[in-house]
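Letters A, B and C name the chains as they come in the text, with residue numbers starting at 1 for each one.
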Amino acid sequence: MARPDSDSDSTRARLRRASRNPRTLAGAFAFALLAMAPALTGWLDEPFYLDLATRILILAIAAASLNLILGYGGMISFGHSAYLGIGAYAVGIPAYYGEYSAAFQLPLALGASALFAFVTGLVSLRTRGVYFIMITLAFAQMIYFAFVSIEEYGGDDGLVIDLRSEMGGIADLESGVQLYYAALTSLVLVTYLVRRVVRSRFGLVLRGSRDNDGRMQALGFNTFRYRLACYVLAGMIAGLAGWLLGNFTNFISPEMMDWTRSGELIFMVVLGGAGSALGPLFGAAAFILLEEFLSGFSIYWPLGFGLILILVVLFYRGGLDGLLDRGARTTRSTGPSNPSSREPERCSTDPAA
Amino acid sequence: MRNKLAIALGLTTCLLALAFHPAQGADKVKIGFVTTLTTGAGVIGRDMKDAVDLAVEHIGGKMAGLDVEILYEDDGFKPEIGKQKADKLVKSDDVDFVAGFIWSHVLLASRKSVLDAGKFLISSNAGPSQLAGKLCHENFFSTSWQNDQTPMAMGEVLNRKGVNKLYVMAPNYAAGKNMVAGVERTFAGEVVGKDMTKWGKDAQLDFSAELAKARASGADAIFVFYPGRAGSAFIKQYEQAGLVDEIPLYTVFTVDSISLPLLQKAGLKGVLGSLMTQFWAPDLDFPQNHKFVSAFREKHGRYPSFYAAQSYDTVFFIKSAVEAVDGNLEDMDGMRAAMAAADYPSVRGPYTYGNNHLPIQNFYLRQVAEDEAGNWTTRVVETVYTGHQDSYASECKM
Amino acid sequence: MDFTLVAAQFLNGLQLGVLLFLLAAGLTLVFGIMDCVNLAHGSLYMVGAFVCATVTLATGSFLLGVLAALPATFAIGVLVEVLVIRHLYQRDHLDQVLATFGLILVFDTLVHLIWGPEGLSFPLPQSLNGQVVLPGNVVFPVYRLLIIAGGLAVALAMWIVITRTRTGMLVRAGASNPRLVNALGINIRALFTLVFGAGAALAGLAGLLIAPITEASIGMGNEILIVAFVVIIIGGIGSVRGAFIAAIIVGLIDTLGRSFLDGAMKLVLSNQAAETAAPAVSAMLIYILMAAILYFRPQGLFPPRVR
């Protein structure tokens, strides 16, 4: 169980430490590598690997959004793929009618995601723990079946997107490299935004509510509102990822909202380390590279993948980022170590505990 | 610090390991083949792969003196994955042809990636109406059929059998919709009920509610399209519901050489004698067909399915194009012209191409029967259509 | 809409509900007592179907298939509990979701390796392959009627075990207050393993019952698992009674939706739109029901009393 008594102190202390944490170096290294990726793949003449990197970035954004509510807010959403779908359909449906302008599609993606998050959040956030997991799944299934039933937009078959979003003079997304940089820029902005939010007073209330909601309410915070706001923000970020995904794949179908996709996003967050700023990027990269690498071996690759998943959960807690952090901590002897704060968050199902 | 470095290094190594693939030889005909190798539908992909491997064996692994390399990719029954694999084939593997495609929705999703890259796209099964009509393309060819054609032939058969009231069932995806549209186009009687059931990875396989509706509808016949594993599930339940003696069953792409051994093993005799339409049959009397069917049976101990037949044809079809240009794979125009001529020995016998590059071919009525060894297979009863062209060709501006 | 059709669809819905109950019963107990989300429950449903199909095809006897599959799924359930699940009881739901998600992949691929991609199809014995004519001229397959009867019998047996035996008492106590049972010095580990194995056997039973209707196929458990989760959430986690009632409700809604929704939708939509939209909308119905119930009763219909 988490230790609510030392919570806000340890959080502040962690924030102070984070600014000196060498983990930021790893992050800087990762982003530098990512910034050079197009040059690298261009030099190797392997455009497919640019696609792979683009996919990693887009899913990292979605994972960052899930990390915001899951890692910092303790809200395990099992329906996060719904926003990917909404964002992607916000490209596809206007394109179906010949409207390609990003100035129209992007606000639509963000607005529709926010609306969906707001409406479903009003209901879901009343529940806790596993009921929350299941109700978010239920809403994702509803929108999945809703799109399956809309014949006009292809139903189960999906829609092919002829042209990517037109960005005016800013960028030409038809170019793989420019789309890649659009995704990278989005990821940097999102990572920065999540960091700012988490470090703000808002983020402190959020984390307080995660660890002991009753106490935060007793302190006079309307935690429901905080959590709802956070939920809507996360929905919009995932909607942005969906918008990029729709542009990237040039194709959308309800399959994008499948519940297994939501499961994969959770896996990315946990693999990277829930509640850490760079975890989603590491998690998404590890996930996609692993999938690509294993599926090249044999059609039986899910076996290895499943075993790795089980072993990671059983023996390797805290994710990749936690490993970095542990490495960092051994080099510094100052400050009380607080391993529990680096572990994937327990859901606060039993307030009586 | 050391750990952090290890991880960073690990990730970099991973990226680099992916980047350095074995070097690619230039003097090769590279064919990407996208099909389904995993999930329950993987059995169809296996049949197609077996047929392609057999065809490559039969041509000695060469086309116009060049080595042939086939790259199989698994679409996992998902349009999105299929498109990713098509992207990989044209961008990373730099194939000359992308063929395969069981599912109409996977083909529709992958179309743009292949055609935009300036490669030939050859469907070895799926025939969605869009690609026959508005989305037709000079570099797209089919060695199968347009989805509507086979059920149109079945509609004709139903008329000849004097069926007045028909109950229709099909999965709710691109091909299912085409199949239903096809039978409705030619069937002269009344469609008294129609169910479009959930398809895809989580397809509906229990048809209790639909069969009860069919029984109550007072139909004279049931028409279904359930490819792959859904087909045998449907036939079992049709028998369990006691409809065999009440409402005769007419199928397209449901009872095939993949489902028949399963049904025989399960002892579901109700399927014997059931009727279907198809452009090909294992007993069609052409030398190429004899060669294909006997070699396939010898090698794999089972009858090839129509999926296999189309895939076998795909290899010979590509070979005819490569040989027409003497192995000069840069000569797209030359290869295109050769393909449009359909000048190769097809297992279905000679056929031609329409303006939309879909076959103009015969359709036969087939019946399930036992062969001399007691295996269940299908026999041709009669020819329903001779030289039939699909209904979307006029929408194709080519 | 005539009486025979409504009656037949009612029975079809009941049959689906009973099947869902068999799957949900184990899930809700594991969930309620061990506080463990087990996504791999559907894999045991699949294993039950495959084992039964293999034995039936080899021996020609469906009964032998059933008798082989039940202990097999029980044993596999126990094995999975000891190797993986046991280590997850003290973890949060997130770890449980992930590890059991991994188990699904492992099971699906192992089945693919052992039985190949095509699945197994096997016939019913001739005696079960027929139909009965019920009062009101309702023609209904014998086998589906047997599923209903068998499922209800299992439900009754469970009710007796849970309310009348010492093990049942411990299970009930475990569902409402696991810590207390542990504090009383009961061998809670053995009890957990037993419950998990029994749940696995029930899932196997559901799988082997459906296999002669559809077939044994890879991933068959994943499709129905989500619906089983809906059932236990609606019923209230840990409540077998709730799971039973919710399973019947969900079975009826799903079947009646598939049967009559397109007709109803044709009143407001074009024929074409209604025909393609109806199946998806009827699939949505159960999720709408679940969301609505959770809105008004965030703990489900029948939450086990003390928490």
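One rule holds for everything that comes next: a residue touches a chain if its C-beta (ideal position, glycine included) is under 8 Å from a C-beta of that chain, and two chains touch if they have at least 3 such contacts.
These numbers come from a predicted model, not from an experiment.
Set against the Cα centre of subunit B, the chain with the most distant centre is A. Two chain pairs are in question, A-B and A-C; the one with more C-beta pairs in contact is A-C.
Computed from the mean C-alpha positions, the centre of subunit A lies at a distance of 38 Å from the centre of subunit B.
Per-chain Cα centroids separate subunit A from subunit C by 32 Å. Each of the following residues of subunit A touches two or more other chains: 148, 155, 299, 302.
Shared contact sites, meaning residues of subunit B that touch two or more other chains, fall at 37-38, 42, 172, 198, 201. Counting partner chains per residue, subunit C has residues 112, 276, 279-280, 283 touching two or more of them. Subunit C makes touch with subunit B in their complex at residues 2, 4-5, 8-9, 12-13, 15-16, 57, 112, 116-119, 121-124, 129-131, 139, 141, 143-144, 210, 212-215, 217-220, 222-223, 255, 258-259, 262, 275-276, 279-280, 283. Within the complex formed with subunit C, the residues of subunit A that make contact are 70, 76, 78, 123, 126-131, 133-135, 137-139, 141-142, 145-146, 148-151, 155, 259, 263, 266-267, 270, 274, 299-303, 305-310, 312-314, 344-347, 349-350, 352. Within the complex formed with subunit C, the subunit B residues making contact are 37-43, 45-46, 172, 177, 194-198, 201-202, 204-206, 208-210, 212-213, 215-216, 229, 232-233, 236-237, 239-242, 258, 262-263, 265-268. For subunit A in complex with subunit B, the residues that touch the partner chain are 22-23, 25-26, 29-30, 33, 40-41, 44, 46-49, 51-52, 148, 155-158, 160, 162, 249-251, 253, 255-256, 258, 282, 285-286, 289, 292-293, 295, 299, 302, 320, 323-324, 326-328, 331. Looking at the complex, you find that subunit C touches subunit A at residues 31, 35, 37, 84, 87-88, 91-95, 97-99, 101-106, 108-110, 112-113, 226, 229-230, 233, 237, 272-273, 276-281, 283-284, 287-288, 290-291, 294-295, 298-300, 307.
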